[in-house]
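Please find the structures below.
Look at the two complexes coming up: chain A is in both, with chain B in one and chain C in the other.
Presenting the complex of A and B:
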């Protein structure tokens, strides 16, 4: 067991959790505004592709991240427009965006770059890792805070920012109001469409960062459907934490821990890989059951109070 | 009437020439190659198979037409159209073509078909197919890895934990253990064929355990294995098609399926009049159906002594002196595998 619980397990967990955290931060905004965002994998995939493609042409990682985020935001605007303006069913719109992203990236991969399956930007481009003075010499703190790339720091710095915006600003209040009772919000003069649209496009922003992290930082390549349902896992984290930003990111770290352990335990403990790989999904199921039971109890309580 | 006589002579001469021509140079056989949906330019199976087609044109004098369906759903219509045009043999290059080919082959029972790199089950009475003995190729890259590692520990990243992937592992393990009984071979499965990030994570875990060469048998997940090798300055080994170019200097070699040779041989069967449908051809080292890839991207990564040793072992496998175990043929509880016998990694 000592082999598994080494300090760099922390690094592994943070690496695995970062794309989940990004996507979850975006998804929780739409969640709070009352939109079930199942298109996040599509946004991420588009961003991952545009990121690598831009890196290929410009050779600049930062321009690539910006392009990736923009592409994801455009796709999210399309998703929002379908759902909010044309009243398309959210599942159909979300699935359509997922299929569109999967197909479009595959077609462009072949059409623009003449590649099938896997595409690398050619030159080895990697984000620099920042070693923080003093902290980098202290074990545990070092693994927790030092030696990461800018995108990882961004994910964890943006978490309290999103929390602040959601609970301490007028805009955040409006988002929550729209989510809890759109009719009441509208009667108070809040533009429900506009607020919902804004959260959708912001979810595109965050998913763009998640996709850029996947294809430019985590690995330096694009491959078809490379997001591996991370958008859906992020959605599970959001449900588990009921959309609270700090808690949601904590849940993504929990998922990351399960995955990180499953990678190592296969080698050390000799346990069947399937059992290990089931952990993240098992945790997700467990999470949803707990939340479901809690919600039901609360519901009973409300009924009890209203009956009185 | 002199003119008329001359015309008659000329006519006879032309007729004789034509007759002679048909005897000496029979009209070239027509071959159709149906690519998988990725088409030519995929740097993978389609491109490699096309090389076999070019060789057949040069050496066998056949005429090859390449037809490129855009999607899996077009396979059936494409095969039917080719059958309608009447080729001497129609060769497909995708696992996904099994069912469409079965259906079309039944509609055109006199048309000859071929399908490379599929399973051990016959496709149809008028289809010849081939199965690649990938475990023999894995054996050779295992030999190379065991002789190249500096740490004495090598790794394996499979896609899903399924028998067909175990087949690669067993060959790899067997090759490594044959040349170095003390070597440690680490086995892991990423659980997915489409997630490079997961592939990278599993590889980093192997590297963390001091493995310095990792064999990736995991589809697109393999790209992450290669990415991890590049980042940590260790080696990856590619699979199926030549992946050396993906990270020059960090892909030790690739275990390639020589679908070019498989397709070429199918054409040759037709040319020689030996074509027999319903037959499954085995392609191991002996039949040049598998190999390790050497090109400008991995030049100098493998020492000459190791290469020589690998060639020695190739000959031993080809002659039958060494039998590389096939995972699918393992018996329950079998403790030793192959010849020479080596401890079966699957019996704990």
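Presenting the complex of A and C:
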């Protein structure tokens, strides 16, 4: 086991979990507004593609990130509009957006870049790694917290920011009000459609960062369907942590650990990768069952007391 | 219960002929317009890529329908969509949003693969047993979201969403480790010839599963329209509280619908394992379970119409191979078309755009009595 749990594993986990954390932050904003965002894989995939494509044409990483985020936000606006304005079932619309992103990026991959499977943005561009002062001189902490790229830091700095916005601002209060009781919120004069739409587009923003990170930082290429259900894992984390930002990101780190270990344990211990990969979905199923049983019990208790 | 069923049926018959014609035009018109819009947007994408849309679509059409070989290939591509389209239709008609057909199909295929290799029987017992095993496996996997919705009131869509990757990973594990056949690919052992669905052509894997699917469509068209069960299933979708008031056990019906839908999903897997591949291959499905959503929505959840919408998507899938060979447009364009079709059909445009206009119209002229008022 010693060769599995090393310091560089923790670095790997933090890097592997970054896109999950980004997506989860976006997804929990919509979650708090009462929307289950299952289109996040589609948003991320689109952003990953546009990111690499822009890097190829401009050679500038930061412009590429902006373009990636914008593309993801446009797709999220489309999703939000179909669900909120045209009342399309969220799961059906979300599945359709996922298929749309998968198909469109594959068509454009061939049409614009002449590639069938994988595309790299010409010469490989890299984000600089930042070392945090003081911490970079302390042995263990240096390995754990220093030397990441700006996007990694952003994901974990944005976590308390999202938490603050949700629980300490007027806008956050409105989002939660809309999520808990849309009718009551509407009767208080809150524009439910507009608040929900804002959270969906913000989820597009965060998934855009996740996608850009995947194709420009984590690896420097775009490959077909490269998000690999990360949006779904992020959604599982949101469910598991009941949408609390800090806890949700902590859970993405756990799920990231399972992912990180799945490759290593196969190499070192011969454990099938599927066993580790199944963990996020499996524990989320357990959580759903537990929450369901608790709710049912509570319901019975209420019935019992009212009957008396 | 039977009484209320009769009175509603009489009510529908009383709708005047012109209204019926109008209704049918809208029912058929919307899918056709939707397909047209999707092809139009697809055409713009083809144009942007510097290709001729008419040529590309022409190649697609030729690839799907020109010559017997292509037609049979199209039918082979249509077959899994008949099953998954029917599975989704039955569920959605009852407002049971079973988006877990993909997982149910994977377990069906695995069960068929296991029974097809490890059991030794004469073909007239072996083949039916393998098919039944697949149906049971699909139904069992569907029982999880069913029971969670019925007993714990957990959203079935979330459960299905988590169960799909779980099914994918479990079947992938089983076919890669414990039951893996020797060789480079992750698959189970080849299914015995006694459990294979007969194939009809040398050039494709078109097999008897196609006709089983057609029979299922007919059976469920009959069940939906001519049996009490079918009426109950429709009612819990349209108006659960009315159904409950009418004496239907809604929770039980939801479980029933889920089981039947899952069973058909499992049979989709049987057709693939016993008819097409002859074993369970890890990752054999390009997402037939999700394609079923598009098929079902185009067909408006009508089992007979599923045959047409499955044929349409099957032809697109099959013909797109030729389009990909002859142009720089890849097969993935079909995914884009499919996504646009689903988005447009899932949307309720009339609600927002015409609500005001309709309200104005209604106040102006005296409208005829609606069905519910006649009761």
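Keep this in mind: the second predicted complex is superposed on the first by the 271 of 308 C-alpha atoms of A that agree within 3 Å, B and C clash if a C-alpha of one lies under 4 Å from a C-alpha of the other, contacts with A are read in each partner's own complex, and residues count from 1 in each chain.
In the analysis below, a residue touches a chain if its C-beta (ideal position, glycine included) is under 8 Å from a C-beta of that chain, and two chains touch if they have at least 3 such contacts.
Since the model is a prediction, treat every value here as computed from it, not as a measurement.
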**OP:** Determine, under the contact definition given at the top, whether A:223 touches first (chain B), second (chain C), both, or neither.
**Re:** first
**OP:** Kindly classify A:264 by the partners it touches after superposition: chain B alone (first), chain C alone (second), both, or neither?
**Re:** first
Subject >> Touched partner set for A:255, first chain B, second chain C, both or neither >> reply: neither
Subject >> Partner chain(s) touched by A:49 [first = chain B, second = chain C, both, neither] >> reply: neither
Subject >> Contacts of A:86 with chain B and chain C, given as first, second, both or neither >> reply: second
Subject >> Contacts of A:117 with chain B and chain C, given as first, second, both or neither >> reply: first
**OP:** Tell me which partner A:214 touches in the superposition: chain B (first), chain C (second), both or neither.
**Re:** first
**OP:** Could you look at A:16 and tell me whether it touches chain B, chain C, both or neither (first, second, both, neither)?
**Re:** first
Original post:
Of chain B and chain C, which one contacts the greater number of residues in chain A?
Top reply: C
**OP:** Please indicate which partner A:275 is in contact with in the superposed arrangement: first for chain B, second for chain C, both, or neither.
**Re:** second
Subject >> Contact residues of chain A, present in both the chain B and the chain C interface >> reply: 110, 114, 116, 272, 274, 277
Subject >> Residues of chain C touching chain A in the complex >> reply: 45, 48-50, 97, 99, 148, 151-155, 157-159, 161-163, 165-166, 169-170, 172-173, 176-177, 287, 290, 293, 297, 328-330, 332-336, 338-340, 342-343, 346-349, 351-352
Subject >> chain A residues within the chain C interface of the complex >> reply: 36, 38, 82, 85-89, 91-93, 95-97, 99-100, 102-104, 106-112, 114, 116, 229, 232, 235-236, 239, 272, 274-275, 277-278, 281-282, 284-285, 288-289, 291-293, 295-296
Subject >> chain A-facing residues of chain B, complex >> reply: 38-39, 41-44, 161, 186, 188-189, 191-192, 194-198, 200-202, 204-206, 208-209, 220, 223-224, 227, 230-231, 246-247, 348
Subject >> Touch list for chain A against partner chain B, complex >> reply: 3, 6, 8, 12, 15-16, 19, 110, 114-118, 120, 124, 126, 214, 218-221, 223-226, 228, 259-260, 263-264, 266-267, 270, 272-274, 277
